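Here's the structure, in structure tokens; my notes come after.
We just call them A, B, C, D and E in the order they show up, numbering each chain from 1.
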Amino acid sequence: AAEPVKVGAIECLTGPAAKYGTMIKAGFDLAAEEINAKGGILKGRTIELIYEDSAAQKEQAINAAKKLIGRDHVVALLGPTLSNEMFAAGPVANERGLPIIGTSNTAKGITDIGEFVFRTSLPESDVLPVTLKKAQAKFGIKKVALLYSNDDAFTKSGFDVFKETLEKLGIEIATIETFSVKDTDFSPQLTKIKSLNVDALVVSALAEAGGGLVLQARQLGIPKTVPIIGGNGFNSPKIAEIAGDSADGVIIGSPWFIAKEGAQNKNFVESFRKKYNMDPDQFAAQAYDTMYILAAAFDRAGEADSKKLRDALTKTDNNGLLGPFKFGADRSPATAEGVVVTTIKGGKFTLLQ
Amino acid sequence: MMATLDDLLWSYQSLIYGLGTNAILGLSMYAVLQLGQLSLGQAAFMGIGAYTGALLTLRLGLPFPLVLAAAAMVPALAALVIGGPTMKLSGVHLAIATIGLGEVLRVAYINTDAMGGALGLSGIPEKSTFAIIFGLLAVILAGFILASRSKIGRACEAIREDEAAARVMGIDVSAYKMTALVISAALAGLAGALNAHFSSFIGPNEFAFEAAVSILSFAILGGVTTPFGPVLGAFVLTALPELLRPFHDFRLVFNGLIIVLVVIFLPRGILGFRIRRTGG
Amino acid sequence: MLTVETLSRTFTGLIAVDDVSFAVTPNTIHSLIGPNGAGKTTLFNMISGLLPPSGGTIAFQGGDITALPPHRRARLGLGRTFQNLRVFGEMTVLENVLTGMHPRLGVAWPLAVLRSPAARAEERAGLAKAQALLAKVGIADHARRPAADLAYGDQRRLEIARALASDPALLLLDEPAAGMNPTETAALGDLLLELRQEGLTILLVEHDMGFVMRLSDRLTVLNFGRKIAEGGPAEIRDDPTVIEAYLGTKVARKLAGAAA
Amino acid sequence: MLAQQLFNALVLGSVHALFALGFTLTFGVLRVINLLYGFYVAAGAFAALVAVQSLGLGLWAAGAFGVVVAGLVAVVCDFLVLTPLRRAKAPELSSLIVTLGGVLLMNSLMQIVFGAEVRRFPARLLGQDAVTIGPLVVAPIQLVIIATVFVLVALLFWFMERTRLGTAIRAVAERPDTAALMGVNVGLVVAGVSFLSAALSATAGILIGLNFNAVHPYMGEPMMLRGFAIIIIGGLGDIRGALVAGLALGFLEVMTAGYVSSNLKEAVAFTALILGLWLRPNGLFGRASGKRA
Amino acid sequence: MTALLSIQGLELAYGKIAAVKGIDLEVGEGQVVCLIGANGSGKTTTLRGISGLLKPRGGRVVFAGTDITGMAPHRIARLGLVQVPEGRQIFATMTVAENLRMGGYLVEDGERQRRLDEVLELFPRLAERKTQTAGLLSGGEQQMLAMGRAMIAGPRIVLLDEPSMGLSPIMVEQIFAIIELLKRQGKTILLVEQNAQLALDIADHAYVLETGRIRLSGPAAEVAGDAAVLHAYLGG
């Protein structure tokens, strides 16, 4: 048989951020398995994924990238999980002329690192305006409280977009409150917000903090008539898991949600559940799509060559879980066509009608 | 053959750079621990140096030697300022006060857009080289060795063992402490700038509590009775996670296990011997 | 040489030293005695600068040193030992003595660090002197052992050698003979007399009355922080207040017998 | 709003204090800067979670199970890791590093076993619906936390200061050899304190897990820094000090976030701590160190 | 009379350094036995070997019929053997009263209180400073505290390591009076003391230790009369 094509993946597989990395890995593995089972790429070669752990540390991300490139001679890199790690490891791949595809980096400036840096994750600037517009139309929101984790690149980027969009839509921001990604207590901020009588809470946070925040908001008596609008980080089953009933009515925009229509998604969710005995999240879906995008690009490139692969990637035209997908000139997703706005009902994501 | 060798070097280049800068951090901890001062401000000083260095390079494009000098000077000045009030603290009280400094600075970075806020500073050009890092390390290490073997080292050890007795022996304990704090801040700042200039990116959360603890562990694991200890400790702790990569999921398990075993069997540090000096 | 004027020190709920004045004449052995808790060590702590007085002044060799930090006093020629042994335990015995020499090592620090010939010569001389001091107090055999490993009495000897290393003009000794047997104590007494011969002034705290009476030129007696008597050995020995508060009749009788 | 904020402060402060109680015991009494403490918090919560989910135990039984499991884990860890150091009379800081290794080891093992995900106790284990009392909105779990903290502080204080064993514990902390000469079984006391401290940490873990509805392997980590600050400001090993310092920190944080700016929460809290230390270099409630010039 | 404490060929070492090189020693029930020797001769080390703080390298220690060689110190304490350690070793951060109560760790409450009152009466200085943090006491006060702490334990045998060190002449007298008292009460005492004359006066039996070996032993009066001893230890 032909030699497998080696692809490296740098993910947080240990440490506090491991929950993201493991989901992403699950998505990659599932897709790669399917692709290899269906005959692989480049006329019968299989994809061999080599994972390295970055443990959420930039130095380890760099070392992992260098090890994968220099020792394992991979042709392309996937990951790393966190934007901070991408800022450190991206330049390494770029310097060696190796495509590196972030599947979960949404911070501003990621693809500015260089020609070889791609990302398949929709930046917040594509998703959030859609969400806000829809919510405004449906609930007639005029005045909101804006909350975000200010010590994290991902949530800070989300906040920037939220703020800009709210201003553009002419929605008044009654207050801006911050917290740390590690915080578990939001009661002072929420108590203050409660007294401001806002129409909605707009939150940029990761799932753990977000879930806790939703729970506490409802506990403190911010009524369910005041919707809580989340960013990308909210698109996780964890929100409903942590907040329970309180999660009902949370509004999230995203390119993917678990109950998304279509056979392709049904298949994905089913195989995922079968393989891992748990529900996929957005990170897994993005990773899954990315693997297909990469496989197709290999076939277009015609050989396992990094430079050719890069050029092939720019011509991506995929229709996957996330909907129609193309890279823009900046090697970020070109459109936000696939974005849908969902809401949680009875603990499940459903389309916001 | 050459190509593989090159690849090998390239693959481990940043690891090797990391060994060097972390060794400098270990020595910066040594500078204060030598006097029995448990300052955990090292991470904060490292942050000041890293941000100073990165900003000077990114915004003003200053030449690297100048950048490094500034990255050492600014935290040293900060140490001079906070040195006075913290001087009367000792042990864990000093530790918590210096950690507090780190937290306050972290909040400051996060809230300062000019410093990139939570997004940090990215795209820092690679300027640190093997020669610069290890040249500096060699000079610093040599300085510490010479100082430790002289009457200065003796005075430091006396202060560590019994401050009051050292005072009565005519040792100006406050001056020693202040000097040590300033030197350690300068070294930490230097290491911060070196790190920033080979890892492209720095962020506000890199210089907090966890970083302070790991810098401390470089010194303690290696041993603080000679300057070689912190250097070796830094080497070991930096290289371990990379060397253990083949263990995949169990990588950090083994990493932890090795640390535990080393400390149990060598409780005074890997290099627990005392440095030779007159009468030793 | 040393003049203490109306010196006081209070701790919460306690006056440890209460308005004490006395003067130590150069080239004498002056003893400070008194019951346990009378304030002798507290007085030493104030004289050596470890404890700020609540009131009063301390003058040394004509200058007021009340506000000077301890290391400056050491440089002026004030040396001391500690009652509760405070040797540098992990350092060798020799290094302990060399540390005591600190204020007398004159080579500038950059030269010392770079091991200039002058610095080397100084260290060599220091080493020789330290060895001589250890021989003098009788623990030369232990020179290269960690100080913490010495037996109690030997640590006391080390304290004395370390204090002598800085060539003090005035030496404060806090119970130097504690933990030594009579023979050893006698030898220590000989050593102190010899040192006085060489020009040293000594302020001595000790509970071994035979030792104290043999050596002292003058004595000051404290009780509950206050000075209750001062004078020569014979005077003090016969002072009824001192006998009552401190000596006890038995010891006083014995001392009188020894003197007779 | 002020009343609610004050209540928020009381709850947060109690959570801080709850976390700090066991921490101050290991640190203050055993002189071990025990980074494993954060792990015991998670271990206790996970054990209770397993008890609820797999063994089908009720909340109180599961809680007791978690507390005991964490305590036993701590006794074993301490015996394997810390006792050898104590025997070798190793410097204090080596215990910090050994537990640093221990944390890495145990956390990674825990992740391998349980996964990295956030879990939660089943809903309705304890009523989640808040009730309104006058101007206050109060959740039952919050009252449980406050009550637990005050009861534990009172009990522990009584235990440490008034009982024979409590005095013995402090004696062991200071001079193990001499305590042994008095007839104290040092090994047993050390094990007992390890157990007690981890049991307290597990209590904290379970209640905090219930309150914030999230249990994950790293849940103790973010609390370590604040815990560290609290036990130092409150005085090492000082039970009342931990309570007061915890409440003070909670108050500072909530008031800053509620009335100044949530941005400055940590900065204000830590600045206040530093100022406090400056004014009282031995900690707010530092007892005399027993060291003379 | 059978020996309450009997030691055969006891060897003790710190790492490679042998400090006690095979000594034999007996203390009969109700006896006061004193151990004298120059600094560094191994007196403290011997006591540490008996009380279990230092594991013997060789030899045997039998106390009240039980072989206690290598036994943990707290178990030895429970058998009724208490050591007043050299250099006081008080619990510095605890109060005077707490220190004393620690001494009675194994004693039941009522009895402990009774003995506590007794000790405070013997040492009025301690009564005055009862709530003081012990580490802040003067040297002599700490010595009294260490002594009082051991008395509260009410042991069958006390090992006293230089109990008179740092005490004023009046207090030294008092300490020896207390030892007399204990002796009259039938307590057994192993006394290490530099105040050799006083110690030999009170002791029944004496051992002279020299660099880790027993140099001389016999009835106290005899030892006191030995010319060499007189010269080496009694300042004669």
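Just so it is clear, a residue touches a chain if its C-beta (ideal position, glycine included) is under 8 Å from a C-beta of that chain, and two chains touch if they have at least 3 such contacts.
Being a predicted model, the structure only gives us computed values, none of them experimental.
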item: Chain labels contacting chain A and also chain D; value: B
item: Required minimum of steps from chain A to chain E, each step between chains that touch; value: 2
item: Whole-Å gap separating chain C and chain E, where each centre is the average of the chain's CA atoms; value: 28
item: Intercentroid distance (Cα basis), chain E paired with chain D, Å; value: 42
item: CA centroid of chain B to CA centroid of chain E, Å; value: 50
item: Per-residue multi-chain contacts in chain E, two or more chains; value: 136
item: Numbers and ranges of chain A residues touching at least 2 other chains; value: 14-15, 150
item: Residue numbers of chain C (touch at least two other chains); value: 50
item: In the complex with chain C, residue positions of chain B that touch it; value: 143, 146-147, 149-152, 154-155, 157-158, 161-162, 164-174, 274, 277-280
item: Residues of chain E touching chain D in the complex; value: 51-53, 72-75, 77-78, 82-83, 85, 89-94, 98, 101-103, 105-106, 133-136, 149, 153
item: Complex interface listing, chain C residues touching chain E; value: 11, 34-38, 40-41, 83-85, 149-154, 156-157, 175, 178-186, 207, 209, 246-248, 250-251
item: Chain D-touching residues of chain B, taken from the complex the two chains share; value: 38, 85, 88-89, 92-93, 95-97, 99-101, 103-104, 106-108, 111, 164, 208-209, 213-214, 216-217, 220-221, 249-253, 255-260, 262-264, 267-269
item: Of chain C, residues touching chain B in the complex; value: 48-50, 69-71, 74-75, 79-80, 82, 86-92, 94-95, 97-100, 102-103, 105, 109, 112-115, 119, 123-124, 126-127, 130, 143-144, 162, 166
